[in-house]
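I am attaching a structure below and will ask some questions about it afterwards.
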Amino acid sequence: MSKQIAILGSSDSSLVGDISDTLCELGAELAKRKCIVLAGSCGGIGSIVSRAAKKEGGFTIGISLYQSRQEHNEEYGDEGECFDSFIYTGSGFKGRNVILVNSDDAVIAICGQIGTLNELTIAYDIGRPIGLLKDTGGIADTFGNVLRLFIVTGTQ
Amino acid sequence: MSKQIAILGSSDSSLVGDISDTLCELGAELAKRKCIVLAGSCGGIGSIVSRAAKKEGGFTIGISLYQSRQEHNEEYGDEGECFDSFIYTGSGFKGRNVILVNSDDAVIAICGQIGTLNELTIAYDIGRPIGLLKDTGGIADTFGNVLRLFIVTGTQ
Amino acid sequence: MSKQIAILGSSDSSLVGDISDTLCELGAELAKRKCIVLAGSCGGIGSIVSRAAKKEGGFTIGISLYQSRQEHNEEYGDEGECFDSFIYTGSGFKGRNVILVNSDDAVIAICGQIGTLNELTIAYDIGRPIGLLKDTGGIADTFGNVLRLFIVTGTQ
Amino acid sequence: MSKQIAILGSSDSSLVGDISDTLCELGAELAKRKCIVLAGSCGGIGSIVSRAAKKEGGFTIGISLYQSRQEHNEEYGDEGECFDSFIYTGSGFKGRNVILVNSDDAVIAICGQIGTLNELTIAYDIGRPIGLLKDTGGIADTFGNVLRLFIVTGTQ
């Protein structure tokens, strides 16, 4: 069975300028390894990696926060270039995050801010392997520090 | 973009004896037409159609009611023969039904009882095309009568 | 512990003209019996019964399909007259129905159409006691016939 | 309309020994101010504060991760001393967190670890006012540092 890898990260494409080659390499590599790529399908990091994976023949699934293709496309346009399939969770941003992280065998976080931290807390709590793409800025660089806050205080 | 077709129907395999050839033909035909097959991944009708579609090279996605592969497999075993990918909604039977029906372009109901009627009410209410495989027993044969109850009473 | 009773029925107030006294009596009676009244908080039947219950000192909870008070109020206005508390499920109409029915000890259906049938299939399938207010039109009058379709065909 | 306040924090009662007076004062104060108290209803911090609020005549709602009273009580026992009402989300721990935070006007975090951080990321992202009860250990003491990680790196 193929491994399912979720790509977590900022949906703001303006932040990804200088790492876009890296994102394309990552997508291509996941396709080569026959991984199924899951992403939140809101543009940005997840969509770029997914498009690269799909271009290399990988299978990609967009986990949408909306209830239907129509609702999704009104907000984000047709992302058919990025995703082979869409699941319409109808659960909003945060409910969607839960289903996205539940469904993967591992996550890779790139850049990202509070929304990505939300996803990482889910992945960490349910024991999913977490990859952090370093030097991409944001929470991918600092999640180790977040976890250390728990260790330092030594409390639940 | 591939059409996504959800297979609705009883998860009780003991009911499908004499229609199992039809189910396999349906799965193969969906694969040939490049449809992505979605099903609830609880065994029975949906799993049989999906297995046939996957065998013919179609792509199939199991929409699980559980939160993880581990939880799912404890209850239903590894359905890797039937599905290429699994989405773990963690939403229970009825919450899972919502996401399954949201995510398709059309549904096909076969046999089925109260759980399938639940899915058909969602499909009907959100305007998804509904196919009913006739003479398979259960709600697939009688959903037309259910709808007529609304028309006869003429009320909301 | 108080019993939690969910009121199911049409959200279209124009249909309830001649049963509005009955709805108010029902709400008052539920309040008198110290039941907590749950409803979908989209106006119509559920809101009328809830308002009557609240007026008599009962506690009422609106189970909203929206993610926040703001989203809810933009669509349905402030229903503070009807509900003491709101739960914002952010799960859409059909996901909200699941949480509404999960949370009650029994349901009472009044009038209603396909959305109410959706709720009744959940209640029936999970074994909740179902009350049908007769002669109110719609599915409340015909749900018995729907169930008989299963018995007649004798299949799953 | 009453304000709805969600209590976030560890479900492990063994951690709350020396702050239990503070928790009771908080619950009583929320009741006095006519706030409706929401909590995850898994024991620990949220249940202690809710019990104190209920004892003082406040109204308290347990937002359960389970699908039914029966499932909930099998795991956590009857928390009728703590809660006046239960909503059964059937959404698992993380899906439940989304509905809990969606439904409040403000959150108060006390002690807590990765699950509480998950809830705080939701509250922060959707703009809910956040209260942190200081010197209770865990994420309530360190969430400010988590947020500073975003500011220091200055990225999304």
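Each chain carries a letter (A, B, C and D) given by its place in the written order, and its residues are counted from 1.
The criterion applied here is as follows: a contact is a pair of C-beta atoms (placed from the backbone, for glycine too) under 8 Å apart; a residue touches a chain by one contact, two chains touch by 3 or more.
Keep in mind it's a predicted model, so treat the numbers as computed, not measured.
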Which chains are shared contacts of subunit A and subunit D?
B, C
Going by average Cα coordinates, which chain is farthest removed from subunit D?
B
If you tally the C-beta contacts, which comes out ahead, A-B or B-C?
B-C
Looking at A-D, A-C or A-B, which one is a repeat of the C-D interface (more than half the contact pairs shared)?
A-B
Please tell me the distance, in whole Å, between the geometric centres of subunit B and subunit D computed from their C-alpha atoms.
38
From the C-alpha centre of subunit B to that of subunit C, how far is it in Å?
28
Multi-partner residues of subunit B (at least 2 other chains):
67, 90-92, 94-95, 98, 102, 126
Once you draw an edge for every pair of touching chains, what topology comes out, line, ring, star, complete or other?
complete
Provide the residue numbers of subunit D that touch subunit C in the complex, in ascending order.
1-2, 4, 36, 59, 61, 63, 67-69, 78, 80, 84-91, 98-99, 102-103, 105, 126
Would you pull the subunit A residues touching subunit D in the complex into a rising list?
10, 12, 15, 91-95, 98, 101-102, 111-115, 117-118, 121-122, 124-126, 137-139, 141-142, 145-146, 149-150, 152-153, 155-156
Interface with subunit C, subunit A side, in the complex: residues 67, 90-92, 94-95
